[in-house]
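Report on the structure given below.
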Amino acid sequence: MSPQIRVAVAGASGYAGGEVLRLLLGHPDVEVGALTGGSNAGQPLGALQPHLVPLADRVLEPTDAEVLAGHDVVVLGLPHGQSAALAEQLGDETVVIDCGADFRLTDAAAWERFYGGDHAGSWPYGLPELPGQRERLRGARRVAVPGCYPTVSTLTLAPAVAAGLVEPDLVVVAASGTSGAGKAAKPHLLGSEVMGNASAYGVGGVHRHTPEITQNLAGLGGDTPRVSFTPLLVPMSRGILATCSAPLRPGVDAAQAREAYLTAYADEPFVHVLPEGQWPQTQAVLGSNAVHVQVTVDEDAGRLVAVGVVDNLAKGTGGAAVQCLNLALGLDETAGLTTVGLAP
Amino acid sequence: MSPQIRVAVAGASGYAGGEVLRLLLGHPDVEVGALTGGSNAGQPLGALQPHLVPLADRVLEPTDAEVLAGHDVVVLGLPHGQSAALAEQLGDETVVIDCGADFRLTDAAAWERFYGGDHAGSWPYGLPELPGQRERLRGARRVAVPGCYPTVSTLTLAPAVAAGLVEPDLVVVAASGTSGAGKAAKPHLLGSEVMGNASAYGVGGVHRHTPEITQNLAGLGGDTPRVSFTPLLVPMSRGILATCSAPLRPGVDAAQAREAYLTAYADEPFVHVLPEGQWPQTQAVLGSNAVHVQVTVDEDAGRLVAVGVVDNLAKGTGGAAVQCLNLALGLDETAGLTTVGLAP
Amino acid sequence: MSPQIRVAVAGASGYAGGEVLRLLLGHPDVEVGALTGGSNAGQPLGALQPHLVPLADRVLEPTDAEVLAGHDVVVLGLPHGQSAALAEQLGDETVVIDCGADFRLTDAAAWERFYGGDHAGSWPYGLPELPGQRERLRGARRVAVPGCYPTVSTLTLAPAVAAGLVEPDLVVVAASGTSGAGKAAKPHLLGSEVMGNASAYGVGGVHRHTPEITQNLAGLGGDTPRVSFTPLLVPMSRGILATCSAPLRPGVDAAQAREAYLTAYADEPFVHVLPEGQWPQTQAVLGSNAVHVQVTVDEDAGRLVAVGVVDNLAKGTGGAAVQCLNLALGLDETAGLTTVGLAP
Amino acid sequence: MSPQIRVAVAGASGYAGGEVLRLLLGHPDVEVGALTGGSNAGQPLGALQPHLVPLADRVLEPTDAEVLAGHDVVVLGLPHGQSAALAEQLGDETVVIDCGADFRLTDAAAWERFYGGDHAGSWPYGLPELPGQRERLRGARRVAVPGCYPTVSTLTLAPAVAAGLVEPDLVVVAASGTSGAGKAAKPHLLGSEVMGNASAYGVGGVHRHTPEITQNLAGLGGDTPRVSFTPLLVPMSRGILATCSAPLRPGVDAAQAREAYLTAYADEPFVHVLPEGQWPQTQAVLGSNAVHVQVTVDEDAGRLVAVGVVDNLAKGTGGAAVQCLNLALGLDETAGLTTVGLAP
């Protein structure tokens, strides 16, 4: 047996950090190293993440470069804006995988408009299913894990856009569970507020994930797409279901659309085009790194309609981090990611 | 005090019938008459609808014209296709309000395509907020209560369409609670299947509510709209949130859009355009006849985006039935419909 | 028409205050007066309680005696410990109804043990269904509204205790929705934490509602009961289901138990003993002031088992406040409380 | 690598069968053999269990002995009463693990009283954590997997009963998710009925799991216990939280209780006594084979109170089946059961 890869997780008490740890506990080649927290430093992980039984007695250390140094990999699950300073202090001998937004956008103007403050730069973008992207991630020392909405929106639309089946006027309405909003306590995220409730937010193109979706789809060639993105909050902890549509280019039919999706994802280990007539549901991918997609055309409306689902914490965050870790370190891309969804 | 209006409810053990009864119990001018059921005939209502305490000891009678005759009003909460035969046997002295789909569509071809079988005809359509429709409902002896999705989709888009703010290429993605699917037991509607789960169904323009939405919006003038409608099932009992968008006509801005909505609904007792920046949530309208809407424009995407919510059982079915009953009988339109939403 | 009673609500942005307002909007004899808030003062109510449409434009004033003075009734929905000081400044011409815990316990030692700090005293206890209590509440100028758990636990056990059917060793396990914990944002109450999750808390007799339940049942005569109380948090916004049991006294059978419950609640407008074989569910009482109870005996185990449900915000808080307001002011006890539960 | 063990699953489209398959897909020593269904025979598994991606194209065969013959292990996930006839046709060369109730009870009278019909007999009971039971399961050719409620109730009470800390008057109130009721469509299990709802059922000792709990605890020695068992349905798919209590024997204190639990479960791989002050929550064990328990004493009430949680489908059914399979075949008891809970 080869020596285990030592992985530290910064922000281990949050949802992203917890999910990375849940997956790493099932990873055959990894040993969990330092765990750090902000205000939770000093507490045992078991009090904060009671599901992570084998790590229950591990005590959180403060999030600083000294604690994180000396690991093969450091995964950052920090609030947006905190990754850049920390990453700078970790040498190139450490692979750094950032679950935050700091290094996702290549366009500084888009960063400043949607996040404010200075743009820290960009790192290889951790969506291996984009054309050419898997190769860029192999051996990478820095990876920017995509946002959860961009992951599912991009993968649900990419085959149609890349194959030129649609006009680049894209509409995405994505219903998300609440864990995407993180573990910081805010009144509108209380159980009493979200149970029995569906709501829209960030309407009109103002959500921070909009430019990331646009960037991904623009990279597929053709005219720069215009993306109308509306996120919804629905009463579940995990999962995103993205309903995506666009005007059909002349002559495109359902068979052609289906073929484009089947071809695009034929060799992808995690993206599954469902059998004809079967539509995605989030429950089927809970806890797994899977993406389920389906596509059809609405001839009356003249639109292609595609639906995709991911677990926002798994393939949408922690699973993507592990997938990128595998690519960066030359491991089997699916190592630690073979469990299937938890249903019902 | 004038004599009470006697109202019979056919299908009293279902969700539509139960909601009509819940509202009628709070109606100042109404007395509940015969209650009928199909396979549940002979059972006390309390075993089937335990929330309807004052009616707990009432025993369901079989659904037939003899039982329903002699009431001022009969409300039908029956499976699609059963209303026509029954209504024929009820004379014009009885107001018949049908919560089913049988008499909603004016276009026989659309009926046959989406429902199959012969078209029974059409009755005055019970959406008083459509231009001119309130007048048609006053004194009507027959009313077709709109579908739940069409109600919220129509009211969320109507001001934009009527004012010519958008191109008639409309996209509606509507997230619904499960009660819209009724009380018949089907495996995919089990709690275990729907909790923690979001799913899409009827994708690609095949849902039966699509032609009804189109019919409503076509009636506002302008080019016949093309409607891309995608229904979603999300983990809650009640409520629909409809996210609607369309390409902006040149020069239209957010202020103009907002003004169109404020003007359209200025005098409507049940439709509320929320204050700027506040987006609708279904919890705020639970159990009430209210509709909450908000609108904005996304200049980057070149689209108007509007969001609306209703309680599918209240304004989406039973509340609409009572509102139409009030109009048909010349009562105050809001009688029995003054309770506000139940939140949290 | 007699002049309307003017009611001010302190803490109008919280769950208790919001529920009182929801009910007062349907009360025929009441006019809503001043609305106050703590950190939310200055905001329009519509931004905080979007379901209370008719009050959307009302702006919250600061919670102080000056603002609250001059009303017929002041309802306090404040954090525990804040009512006493405020109530002192409101003269006896104002009826004060406190939804907090400050004046519920008569035993200063119990107060100090479970709440800490000085005992403010006790006010007439707002559970009219207790023997003799309705009379004490008629014309009262001060009322302490019971806790939500004590309301349902007391009403579910009282007939058995009062009739001497059981040994005074009572076991209560009560599953509650999350709104009982209030609207203050705490991580363990986030939707992501409570959905798909059931948990126990305050186990071993340490929950503050324990002495209140004991006090209520002790007042029924017989030996002072010993109460084992365990609260559970389950994934719903509203509702408490209390499962209560105690050792049967020799010779007591199911018929005798049922008779005791039927007799005890025969004239109560809000407490309903369900038909034999039908067990309570919280959905049936959502938003209503109803209590549903059922009782049986388990001969093998030698125990009486009773189950009761309430809506913790309605009969468990805001509904009780309105019921007590009615009694205090000599109105019909059910005024404003006639709506039935919202189901499904 | 040794040859894989071939496992057939009868009832693969149900919740028990699906969970067994989910776990077997992660089992290092197992290969999935025949999959059978009742009315679903002929359908691809992907249409019925979309989360089981690697098995999506496998078609269900009819449930009969011919199809199941020739496997090393057959796991039965069938409706109660169907296992006996089928098992008889499978020779002793096949290990049969029954997730149904047919062979759980040793007392024929109890079987007839609670299930009706003839008692089929009893098989080694698949709860290895009971004293001496692990040894009985090693090499067994037939195993009766425990019921979900009995698993958590037994494990939560056993240390207290075995150590004689309590009088044998046990009270169990267990709140369960809906998947325990199976996938057969019944109106009261519809999502619309269970969301936002908590209910009690089988009250008064009539639930079929009562004699199974009693049997387990009677086996620990001491007086035959009397068990008052009340199951609750709460709005979640998976998980059971059991609140258990009993009168303390004189002189027993909290430290002694805690010590008994720590000692009892010191070497158990799946049962975890939480750190002092931390109470179990079902979310922490979702999808895992873990049991979390905590215990305290309530001196005022004179009772020991213990709380335990399991995932009813995992350790409560499918995980127990795999654990027993491991013991029966001489594998590592934890093989295929190492994943931790899915939270949040």
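Labels for the chains are A, B, C and D, by order of writing; each one numbers its residues from 1.
In this section, a residue touches a chain if its C-beta (ideal position, glycine included) is under 8 Å from a C-beta of that chain, and two chains touch if they have at least 3 such contacts.
Note that the structure is a prediction, hence the values are computed from the model and not measured.
Visitor: Comparing the two chain pairs, does C-D have more C-beta contacts than A-D, or is it the other way round?
Guide: Counting C-beta pairs in contact, C-D comes out ahead.
Visitor: Roughly how many whole angstrom separate the Cα centroids of chain A and chain C?
Guide: 44
Visitor: In whole angstrom, how far does the Cα centroid of chain C sit from the Cα centroid of chain D?
Guide: Comparing mean C-alpha positions, chain D is 37 Å from chain C.
Visitor: Counting only residues that touch at least 2 other chains, which ones in chain B make the list?
Guide: Touching at least two other chains: 15, 177, 179, 183, 190, 192-193, 195-196, 235-238, 281, 283, 286, 344.
Visitor: Would you identify the shape of the chain contact graph, picking one of line, ring, star, complete or other?
Guide: Basically all the chains touch each other, so complete.
Visitor: So in the complex, which bits of chain A are touching chain D?
Guide: Answer in residue numbers: 15, 18, 22, 25-26, 44, 46-47, 49-54, 56, 179, 183, 195-196, 237-238, 272, 274-275, 278, 281, 283-288, 290, 292, 338-344.
Visitor: What residues of chain B sit close enough to touch chain D in their complex?
Guide: Result: residues 15, 177-179, 181, 183-187, 189-196, 235-237 of chain B touch chain D.
Visitor: Would you pull the chain A residues touching chain B in the complex into a rising list?
Guide: These residues of chain A touch chain B: 169, 171, 173, 175, 177, 190, 192-193, 195-201, 203-205, 210, 226-230, 232, 234-241, 243, 245, 247, 279-283, 286, 294, 296-303, 305, 307, 309, 344.
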